[in-house]
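Here you go, one structure.
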Amino acid sequence: MTQTLLSAKNVTRRFGGLVAIDNVSVDLDRGQVHAVIGTNGAGKSTLINVLSGEIPPNEGSIIMNGTDITRWPQPNRARAGLGRSYQRTTIFPTLTVHENCRLSAQAKHQKFWSWATPAKNCRISNEAADRALELTGLAEYADHTAGLLSHGGKRQLEIAMCLATHPTVLLLDEPLAGMGAEETDRMLDLLDSLKKEHAILLVEHDMDAVFRISDLITVMVNGTVIAHGDPEAIRTNHEVQTAYLGEDE
Amino acid sequence: EVKVGFMLPYSGTYAQLGEAIENGFKMYVEEQGGKLAGQEVTYFRVDDESNPSKGPDNANRLIKRDNVDILIGTVHSGVAMALAKAATESDVTLIIPNAGAVAITGPLCSKNVFRSSFSNWQPGYAMGVVAAEDGHKKAVTISWNYAAGKESTDGFKEAFEKGGGEVVEHLTLPFPQVEFQPLLTEIASIKPDVVYTFFAGGGAVKFVQDYAAAGLKDQIPLVGAGFLTDGTLKAQGESAQGLRTALHYADGLDNELDKKFRENYSEKYPDLPPDVYAVQGYDAAQMLAAGMEAVDGDVSKKDQMRDAIRNATIKSPRGDFTISKSGNPVQDFYLREVKGMDNVPVKIAVEDLADPSRGCKLM
Amino acid sequence: MHSSIRNFILPLLLFVVTALLPLVTSEYYTALIVKIMIYSLFALSLQLLVGCTGLISLGHAAFFGISAYAVTLLSPQYESGNLLWMLPVSIGIAMVYALITGALSLRTKGVYFIMVTLAFAQMAYYVFHDTKIGGGSDGIYLYVRPEFRIGDWVILNLDNAYVFYMFVLVCLTLTWVFLAMLMRSRFGAALTGILVNEQRMRAAGFSTFGYKLTAYIIASGLGGLAGILYAAKDGYVNPELMNWEQSGLVLLMVILGGMGRLSGAVIGTITLILLQEIFQSQALFGEFAVHWHLTFGLAIIILVALMPKGLIGLPEQLRARRRSSAGSPAAH
Amino acid sequence: MTVLINAQGLNTFYGASHVLFNVNLKIQAGESVGLLGRNGMGKTTLIRTLMGHLRPTSGNIVIRDKDHTRSAPYQVAREGVAYVPEGRGIFPNLNVRENLLVAARSGVNGRNDWNYDRVLETFPRLTERLGHGGQQLSGGEQQMLAIGRALMTNPDILILDEATEGLAPLIVAEIWRIIDTIRKSGVSTLIVDRNFRKVLANTDRCVVLEKGVVVEEKDSATLSKQPELLTRYLGV
Amino acid sequence: MDPVIFLIQCLNAVQYGLLLFLVASGLTLIFGIMGIINLAHGSFYMIGAYMAFALGPLVEQYVGGGFVTTLLACVILSAILGYFLEWAFYSYLYHRDHLQQVLMTYGLILVFEELRSIIIDNDVHGVDTPSWLSGAISLGDIMTYPTYRLFISVVCLVVAGLLYWLLTHTRLGMMIRAGASNRDMINSLGIDINRLFRIVFALGVALAAFAGAIAAPVSSVYPGMGHSILIICFVVVVIGGIGSIKGAFVAAMLIGFVDTFGQVLFPQAAGVLVYVMMAAILLFKPEGLFKQG
């Protein structure tokens, strides 16, 4: 009884003459980690951008919980439960780590007419922020200025901010990049625990991690899907090996 | 002791004019031995930057901070508006040594405000009379799209059409743009008998040069309010030769007072020409003197002093003039022609020309 | 205890002292303080855009001027207009202009935004400069200061200098309090987020356009309020009030004071106006006062050179210098 | 063997926070050194200090017998030190071709092993994108470009800070192969990478940083046989 | 409009556009490419014009050269001035907020204007057209067109071409653009960015001054002349798309046409037309016509 939370149907996106994603369809189900892997420039980030509403697709449609959201602007999709992280760290560098998360969490409770109450007293947002920091292991850095974190720290914060909005669908663009071995482990455990309640799209180049955690894998090359299946099928797929994985070491 | 406050442009486009006005004023006072009606004169000065939005504050520097008795200012019409308002509110006597905004001695006139110069309407009207007399029938006027330009060309139009001509087109360009070429082309396509223009300073220099360079000068006579060729001849060079303009002053008037004035001024300020601005400053001092004489130097008798100024006849280098009820000079306007570095008088265009001061309740 | 002094007692004291100042200073300095307060209000409104939301506008004077003109044109010629309705209407006109131009200009970013706001302000400028609506380039008078009244009952007569002074002071204080609360609220937090990283805000679920437009309209309304006060102060309005140089001036005040903090706008305003005042003073500089642009310009250059974070950053800067004498990132 | 870089007793601060504590680092010509440590331990800080982007409060940096403690980055770079920064530092407003050409320079003793064509041969993917702006590249493409650009300066030592981040496995393998070739051609390398196994396999020697202190400095081969140390310092 | 007049107006438009481009080209370099918001650009234009006015007689007297020598002297002196200013003032601002530059350059405007008033004076001055260029070509039946204006146009085209080539086809151009987007990185590649920027800045100042000097015979020199040109230059750069020489060129031409025909066809709205056009363009192309990269 899987429940499809988000699906892309025959999505195409072009940049000028370049077809960044070509007729791609994916389904994200609750309880699954769906990994999208593929060569550099294959269009994985573009896919996430299209799903999250950052850029519109040229063709195809995007359905969330049965609603066609193709024309929705990004903020509306986010409020409907679509959370994303960026491949290139996108945080609020001048705010503290905690504020970064609180601000993200606040998106669900904007109430911008309530000008009398200070934002920092918003209990729900604070709790969401605390929890996100706890989960990503940043709790001890809560009061640090985000821009002064090390690269790895910023990458963790990137995920924490995504979690703070309580999304139901997570679109993670290379969440493990820049993280050390220990943090990687923690993150994988976290994804594992999140997947019961969420649908997760994972774009990642760390193959150990991908094979360890994902339930389904889609492989893209030059904008098109060349393979789709469970990890074992992908691992042994010859085409994938020559195009992406390289011969087993 | 009487405190005189100069609110004049000491920086920016009009700085030169501000300096000339102050020099003229001070020269008259010094000729009287540094005193007017027996009172020692002390000066305060504020740079108005020709910026109307700072006008009220600058005016208040003199009125409220320095507590001056008399205000002298200024060149820019918008700033003069602000100054007139502030002066009226505090009931300080103001003598405007240049700005020609018609409204100040028109609908906004006030018993404490005088002008030692002209209203924008006046030179335009005078020139219009001459242009019609010369038999021109079809005229084009051109100026910046601002109040002063409009007022001047309106004056021209009034007289010119009264004399049987017609102003077929009023061309404008946005202030302070100086790209005249398109409008010159437009003039060439209309082919009027005469072109009347109101420009001053840098704009005047460039317009006259461009007009000549476009080859129009020999085809269509260019006339204007006197500022077109006042203080700008050196920069305009050859291109201004022979231009005819109307103003209440000219170089080399047949008048003893003027000769003496020019001699003294050139001696005192060898770098600066004895121009109309210096005369206006000089006469502002004369107007003040006339008022103060009447009250024996007691400037607190404001009403008496002002009445005296209104009734005075000023013996000016430009020729004698009186002052209208609205506070504007009633004076002769000369037709001048540029010869060398001088605006030589040709004839009197209109004698004792008074601004109609429409809308002024004092009239 | 300590923070309550800082947050409550100190401002109150400041308010009281300022309120009492006209009793001891001369008429001129009272007028100067009024001018500073009006410009502070104006700068505060711009700070909301520039320092708090990251929207650098070079057309803010448009709203200042539009409201100033509105209140002047709405006033009957020879009697006192009633601010009770003129104030909201004049501010409203500026806000409507802000709604239209803001909705359009917010499509652009960065320098392009700067220039589009400039363009819209220049449009307003030329409308008043080149047409007869408001007396053209010469401007028009507001003959009688407006007042607040209900029926025949005059609540506040701004013609009284002290009443006017207090009215300006109260407007400034309320604006400050309003903006301070605004910036602490969720709305303000969202603006800060937009300032720092708009992309992320959208990804989190904030419709940033609406926020920016709201901020733009609020700022314009407050700028308009400053314009109304200005018109009431001098009784004279001129198109130059909405020229880009006026917009630039208030922007300079914000930058000089320091961006992002409300106090920055006020400190910047005070400094800039006082510097002008000092360098123009014949009493201090004698004949050289004529060349005050030179000294004023040099003073600005020196201030910028010495204070990377604006005037409000100064205490912090000094503390930092004392703490670590060396070991900062190499300045290349 | 000559010493290429010799840093002694480096202490570096960010404002008031002390990040590097008496760090010593010596790199010989042709030697390959790995820099290991968890997130936030100061690896990048050390590299930026060496490059001259940060100025140490004490200690000194000698490159090729010349003191470069107070040098600007371009002076360090001219000693044949090439740098691929964390986050890549692509010029967004230049296209791929320009990004490469702007860096082109011959090495310290006139070496010219790397040129435009060879870089493109190494990263064929870039060939397809020559006219595109740096901003429009995918993450991995940017990474290739950053490495290619560093090579265009014909360096004697290549500093790679997380150079394989965001690259597809095939490319990563390729990059390690290139690093290996570069290394074999006598160019020194200083490598920071999250894949410590690869670092250990591709370097002669490793330095482990913890909280800004050098806690271990060993032959890579030796270190890889001591999993307890790796667990302690890297948490694996 | 009759066709001859129409053609003459087109010529006017092109010529005005070219002159605008020349003045704006230095700004494109400093603002568009180096990313410095330099309000003092108008002052450099003014300085160039006044140099042409003040140096002309001196050059004639001591060096014996004519107009071209004067131009050369202006360019060299202003480049030195630019180099010095960058070192003394601007180099501190790169790692600061962009808006601080605005403040500093505003201070510089005031200083330059006042120095101009102290050193020269506040008068309006004309600068003579060199005799070998003082002829005119006749247009239509009563108009003529000064040769000197054509000369300016040719010079503008040459400068436009050179600048385009310099920025897009030379390594120096790449370095400048790269340095503007990431100073640290270009530094890490072994390029002395400080000196490079100093040179570029000097070049930008020299361009502005050159524009002022070459335009002086047609525009005359007067206080505040730099002021009025500044905003329109920013408009040119922004409409064209920041950092694009081609864009600046097209934008200058557009403004030339809009302004010329605006004055003739819609005189009442002439003042706002340029701004209306800018707003319209930016609303449809929020990054200008030819945004770089």
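The letters A, B, C, D and E name the chains in turn, as written, and every chain counts its residues from 1.
Quick note on the criterion: a residue touches a chain if its C-beta (ideal position, glycine included) is under 8 Å from a C-beta of that chain, and two chains touch if they have at least 3 such contacts.
What you are looking at is a predicted structure, and each value in this text was computed from that prediction instead of being measured.
Hopping across touching chains, the smallest step count from chain B to chain D is 2.
Annotation: C-E is the more contact-rich of the chain pairs C-E and A-C, by number of C-beta pairs in contact.
Comparing the centres of all chains, each the average of its CA atoms, the largest separation from chain E belongs to A.
In terms of their C-alpha centroids, the spacing between chain C and chain D amounts to 50 Å. The distance from the centre of chain A to the centre of chain B, each centre being the mean of the chain's C-alpha atoms, comes to 74 Å. Chain geometry summary: the mean Cα position of chain B and that of chain E are 35 Å apart.
Of all residues in chain A, none touches two or more other chains.
Chain contacts: chain C has residues 126, 129-130, 293, 332 touching two or more partner chains. Chain contacts: chain E has residues 113-114, 117, 184, 187, 193-194, 268, 271 touching two or more partner chains. Listing the residues of chain A that touch chain C in their complex gives 52, 54, 73-76, 78-79, 84, 86, 90-95, 102-104, 106-120, 122, 161, 165. Every residue of chain E that touches chain B in the complex is listed here, in rising order: 1-2, 5, 8-9, 12-13, 15-16, 113-114, 117, 121-126, 128, 136, 138, 140, 142-146, 149, 218-220, 222-225, 228, 259-261, 263-264, 267-268, 270-271.
Residue ranges of chain E in contact with chain D, taken from their complex: 171, 174-175, 177-178, 180-182, 184-194, 243, 292-293.
The touching residues of chain C, when paired with chain E in their complex, are 50, 56, 104-105, 107-109, 111-112, 115-116, 118-120, 122-123, 126-127, 129-131, 244, 248, 251-252, 255-256, 259, 291, 293-294, 296-301, 303-305, 308, 331-332. Interface of chain C with chain B (complex): residues 26-29, 31, 35, 126, 129-130, 135-139, 141, 233-236, 238-241, 243, 245-246, 280, 282, 289-290, 292-293.
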